[in-house]
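We call the chains A, B, C, D, E and F, going by the order they appear; numbering starts again at 1 in every chain.
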Amino acid sequence: MKILVIVNESPWGSSLVTTALRFVQSANQSGHKVPAVFFQNDGIYNAFDGRVSDDGMVSPSRAWQEIGREHHTRLLLCSAAFARRFMTESIGKLPEEFREAGLPQMWDIARRCDRVVSF
Amino acid sequence: MKILVIVNESPWGSSLVTTALRFVQSANQSGHKVPAVFFQNDGIYNAFDGRVSDDGMVSPSRAWQEIGREHHTRLLLCSAAFARRFMTESIGKLPEEFREAGLPQMWDIARRCDRVVSF
Amino acid sequence: MKGILHQLLSADPRAVKDCLSFVKPGDELLLINAGVHLLNGPNSILAAHEQPGCEFRVFALETDVKARGLQSRAEQRALRLLDDQQWLEHVCGCQQVLSWR
Amino acid sequence: MKGILHQLLSADPRAVKDCLSFVKPGDELLLINAGVHLLNGPNSILAAHEQPGCEFRVFALETDVKARGLQSRAEQRALRLLDDQQWLEHVCGCQQVLSWR
Amino acid sequence: MKVADIRIGLIIRSGPFQGRSARDQLDVALAAASLGFELELFFTDEGILQLLADRDAQAGGLPGGHKGWKALPGLTSVTAWAAERVLSSHVDASTKFMLEVKPASQSQMACRLADCEHCLVV
Amino acid sequence: MKVADIRIGLIIRSGPFQGRSARDQLDVALAAASLGFELELFFTDEGILQLLADRDAQAGGLPGGHKGWKALPGLTSVTAWAAERVLSSHVDASTKFMLEVKPASQSQMACRLADCEHCLVV
């Protein structure tokens, strides 16, 4: 099955991001396809990596990047949410796996998916 | 009176930041002193300014910077929270009004204040 | 001894419950931000406030009530609204401030 | 027709109330993340679940129950726990998935 | 399936200014409408407050923009629902909503929802 | 006022992993302890779950670190309270807490709280 995943929460403000990561990893292991993860609202902050990660664990940003590379999952940052939160000048370079996309694109992907699961 | 203000929320994820800004502005107008605003948890994201701000309003980051400049209010980003969220390399320069500080410093300021108000 | 100012920053029933469990006679309760949604009652805060002999006072921030279009609710509930300057007076008039989300 | 899988991602009573107002017979409810705090009941979900003839099924994610130290609660409540693979089976087995926070 | 046949259900639970922007939920609806999807909106207790016409956002130092709800019916076919209980507790003679909201029973809403291709709680 | 005389009250409302870090509330307490402040901790319904000793964070892909609660009494004078109701609904024969928690009535807790120099809800 094709599943679109939507992430609304920041990587440290909520542990739901970890739950979403587990969901996508399980989907991939079960032979399903997650064509895209759409980061909305404070989910935008998942694109950034911290200098420390409690307990030596992989940070959410890196875990998303791995999923993006290994499973050709597009990591899409809602452009309206991104524009409210950052100026292109004030941040260095985003990890190349993440790119901006509009809400209409999210719906267009949803249309081609069997399920939409939001966190 | 001296009032320490603590901000826990991100600038767009919650409208509490706007409430906190109003509180600090009123405190200054009433002749009170806010020696510092301590940004904790997702409050860290208040340091960043977006390219757009709905309705042409001043963005939270700029509003904080103004307060910092005009009232000598220190804008302190919790260093533990900051380190989990950003790497120094991945962000350009932070607005100079914001700087990192540890939680013990927050308590040390609290000790010298008459009130601690958290949002 | 002066009371505590409890700031209710959300209408989460768990925040309301936890807050009320720490309120003592002489304390004040202030509905702020999404906390003003409590004006849409029924809930335990309004119930307590509307009972004669309630031992704590309840207020709401005027600005937040207006931003959410709840002016007529506040009037019906006979709740006193505070402007931002009055808010500061209550913060300074109380012994300390607790924020519940 | 297949039912909807309702994912309860928090224990906020407002989320529980809104979720239950959309649950229809044949739907499934899955407690995820902070939603597993509902195992500490009493609340309307467990009450419904424990009533004979309940028309929807309730599950919880095993990993989240363990991460919060609520294993013995889940046993007492006789709630079926799903591992992450089973979670995926339920997502695919239902008609659509709704997340409540 | 043709785009015009796709029906999207949005359950609007967040009150106004849950986030700073007045547009978080509205933008999701507008984007779906811009693709020509048919919309079914379900408003809950707090969600219905988004539709109140006489909110004064600027007074609170918050951005406006919530009036965009009015634009939806011009873009696509939109039906807005709320439980009878929700409507009766919010509507009095002075209440003005920015969309026409139809009363429905819980089971009616659950069935309409199940008829949608995809649904989101926002 | 000498540092040793300062008493800080922390009301711990968030359950474990409200945020990703297990340490958000703990770090606030540890920092206050590191300055030698006396601590009064008040645990609510969800907050008390932070003290459960047999949580398996790693299983959920979440960072550990919550065992730090045990370190507090070594740093400063700490008293932990919870309402009798909260304790009785969470304690059975198998429950192990990482701090000793004393039962108190609501009004006792409210009075202890009022005796603190500063209080935070975390």
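We adopt the following convention: contacts are C-beta pairs under 8 Å (C-beta built on N, C-alpha and C of every residue); 3 or more make two chains touch, one makes a residue touch a chain.
Please read all numbers here as calculations on a predicted model, not as lab measurements.
Any chain that touches subunit B and also touches subunit D is listed here: A, C, E, F. Each step here moves to a touching chain, and the least such steps from subunit B to subunit F number 1. Of all chain pairs, the one joined by the greatest number of contacting C-beta pairs is A-B.
At the interface between subunit A and subunit B, over half of the residue numbers appear on both sides, which makes the contact a same-residue one. Between the CA-based centres of subunit B and subunit C the separation comes to 25 Å, rounded to the whole angstrom. Work out the mean CA point of subunit A and of subunit F, and you get 33 Å between them.
One inter-chain figure worth recording: subunit C and subunit E are separated by 28 Å, centre to centre, where each centre is the mean of the chain's CA atoms.
Across the assembly, subunit B contributes 11-13, 15, 19, 22, 41, 53-54, 84, 116, 118 as residues in contact with two or more other chains. Multi-chain contact residues of subunit F, defined as those touching 2 or more other chains: 17-19, 21, 23, 45-46, 60-62, 118-121. Shown for subunit C are the residues in touch with two or more other chains, namely 11, 14, 33-34, 63-64, 96, 99, 101.
In this structure, the chains touch in the following pairs: A-B, A-D, A-E, A-F, B-C, B-E, B-F, C-D, C-E, C-F, D-E, D-F.
Those residues of subunit A whose C-beta lies close enough to touch subunit B in the complex are 10-13, 41-42, 45, 48-54, 81, 83-93. Per the touch definition, subunit F reaches subunit C in the complex via residues 11, 13, 42, 44-46, 83, 106-107, 109-111, 113-114, 116, 118-121. Contact residues on subunit E toward subunit B in their complex (touch as defined above): 17-23, 60-65. Considering their complex, residues 11-15, 17-19, 21-22, 53-55, 57, 60 of subunit A touch subunit F. Residues 7, 9, 32-34, 61, 63-64, 84-85, 87-89, 91-92, 96-97, 99, 101 of subunit D are the ones that touch subunit A when the two sit in their complex.
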